[in-house]
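Structure record follows, encoded as structure tokens.
Per-chain numbering from 1; labels A, B, C and D assigned in written order.
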């Protein structure tokens, strides 16, 4: 089995090292990840310059681009044949609810999915940041389970793992994405040269964190697994919209 | 009526100038757009540095950030009160099918929608690039229609307009997003310093461009309008996934 | 006469517009400047990606690169034949003393000089920022004087102009670069996500601002003109160094 | 003895690892280097955003900025007291002649010098890239010699080391910077999206590579050591310029 790993925290991040170590026990691993932290990169794709692909001393490849660039380049320009899976992470921080749309971790997996490869994004709901190994082992469990129970629909899974020891996990729950309140306001700051600048504020608190959501699951020490799709069409509004435009 | 305009081509792009001109006849316009071309930026959000907000000689504001940053900053840090609408565009190039997920134009509108504001992304299906005025007038029509026929559900509309004169348009059609084939392979190139680099390849051709899709509509000289939503949960797979994990 | 203009504040900056307007009365002007503010860029040159060259609605060209890139690309890849002069500015802010080494404005002129073209960097010692026209007119005076009094050594001139009306200038003075005290310390700041970050501090105050320096001249409302060279060899230390290494 | 190390190839580059290893035998080493390759950065300084300072698993610090930023931040915001020396390198590639003005390696040392610290830039005249250890040992030799033979003038040394085994070096020579011919023309390329882009061309060949220059020394397998200064004033032209402006 051949697995392509990527992330958005950069090729040097501890999360991807844990992932590579865990998965190398059952698969041939190739790591292609951004050369620097690209958190918040979403699905951005670099179109105005070419990408370079370099190899670190530990064998990981790094690209001067986004998480999406990394997977795109690896699959369409570097690897021989499609990998059997794309796994992205372990992200240092949750990717749940509306945040998913901004996430570079999820974007890397999404690119794999768009290219026809079963893909999983794995994030740690960071508190102490001490349990990357838990999330890596969860990823390993999932891949093993997948090998024993293949399914024949395309999959894109968004997995969030509590930042606790593996044996304290209270199981896995299939969830839907929750919703957050609006983000906090930007925070004004003054540069030493007297210009006003603005930091993007913190994410909003959970608005829909009810039963069945990712927020709900991880609060109960469960691994949250949300199957994702990428068709943004709002099918429920189509009839309404037709009426509205008089079609 | 107050409208916030943004785009991903940059504040100096002809598409946003056409949009501002058309809409200023019925609304108070504020333009907050990226300082440079950020096509392909998707929903990326700048978290590792603060943003500056500057004003051009023509009154447009520009931000050293992404389309999402622009709308986020304008709404949560600059404008007094929420604008009545966010309109993004006119993009120089279609945003249809799977491409929607990479689009900075759609992302700017999405950020407005996430912040609770009715939002529209407007793109021109560029051929000659001569008909930005058509797309701007379509946007104006939509806003006028919205004023006369308000609805009370949140909306996020993805509008693609053929690159033809306004009077040659064959009406508007409510559509779903089509699908593309996989992107073409990356293209290798050699730098003058001997390093191999890789350009992201062209988008794939249309795979699902059947009746009802955005591709289908614009090929028939119609304006395509797709209502979007941003919940990526794959509800149809939830039961299957539960079975799979033994939940 | 053909003059290439550039700057480091970006092609849209008021300083370069004033310069273009003033000089177009006596020369054919081509503007090639950065697409965004690149103050502090020094002589940096972009080697890891190619540059794009685009034309603004006002006829100015802009490049997604540094000031040095702009002049380099214009001279070695775009213009037919060498221009007769390269003029960089009008910078919004002084470039005097040690700061010269960090200056993108001076770097653009330096690149012209390295390519064999008489080159001038023009900066305004900004206070109110109201007198770009003064600096532009000083540049025009210099070019006219140059046309009447050509010299046959390569020149690279660093010109700093007080931010006052033209008729209040107290003449021009040929100067040497002064010296500054060390820069102020970096300023710590905390991001909304809790990371400590550091702003580069303000430039140090003048240390050597005595008679004959650029600082001294502009404080007396004179235009400072410093002839520059780019050989960094410390000739006075060569003998000492030979002794030191036992050569 | 405390030494600050930096470079422009990035904190992960082999050259800086060799340098750290060699110098740690006689000094307490702190490495603060760019998070990614910033070759060609010259003295550019980041003024429009704050810098982050992070620590790699091997104890090296990395900054999301330029070589100049790294030394500036380390000295004015991070280290307690001034380090005894700043050493930059080992650069993968020569920094000789006019190129010195574009070099990030030299710029990092220059920033140390401007902050009052004896500073050395060390570059390998790369051919096979196999002899970083030679350059690192040369740096060690220089520092030891400096400890035994302190001098009390500020120094900024530009050292270029042939890419050969240490015992094949034919000594050290104190040199002046040579001169290059103009750079080669930019190289046009076409992006997959049909836009013409331009790569900065290769550096020109040596024009002044005569006896006494850095080029001359390294061609004879000698280490070249050029003392540098940073006053760009062209003193020899001052009288001429005064006459020219009628002062």
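List of remarks:
We adopt the following convention: a contact is a pair of C-beta atoms (placed from the backbone, for glycine too) under 8 Å apart; a residue touches a chain by one contact, two chains touch by 3 or more.
All of these numbers come straight from a predicted model, not from anything done at the bench.
The best fit of Cα atoms from subunit B onto subunit C calls for a rotation angle of 180°, in steps of 5. When each chain is reduced to the average of its Cα atoms, A sits farthest from subunit C. Centre-to-centre spacing of subunit B and subunit C amounts to 39 Å, using the average Cα coordinate of each chain. Computed centre separation for the pair subunit C/subunit D is 23 angstrom, with centres defined by C-alpha atoms. Separating the CA-averaged centres of subunit A and subunit C is a span of 45 Å.
For subunit C, the set of residues touching two or more other chains reads 47-50, 52, 64, 184, 189, 191, 193, 197, 199-201. Listed in rising order, the residues of subunit C touching subunit B in the complex are 12, 14, 35-36, 47-49, 56-57, 64, 191, 193, 197.
Listing the residues of subunit D that touch subunit B in their complex gives 48-50, 52, 64, 184, 187, 189, 191-193, 199-202.
Subunit C contributes residues 37, 39-48, 50-53, 66, 68-69, 72-73, 76-78, 98, 100-102, 104, 106-107, 110, 114-116, 145, 149, 151, 153, 155-158, 172-174, 176-177, 182-186, 188-189, 195-201, 225-238, 240-242, 244-245, 247 to its touches with subunit D in the complex.
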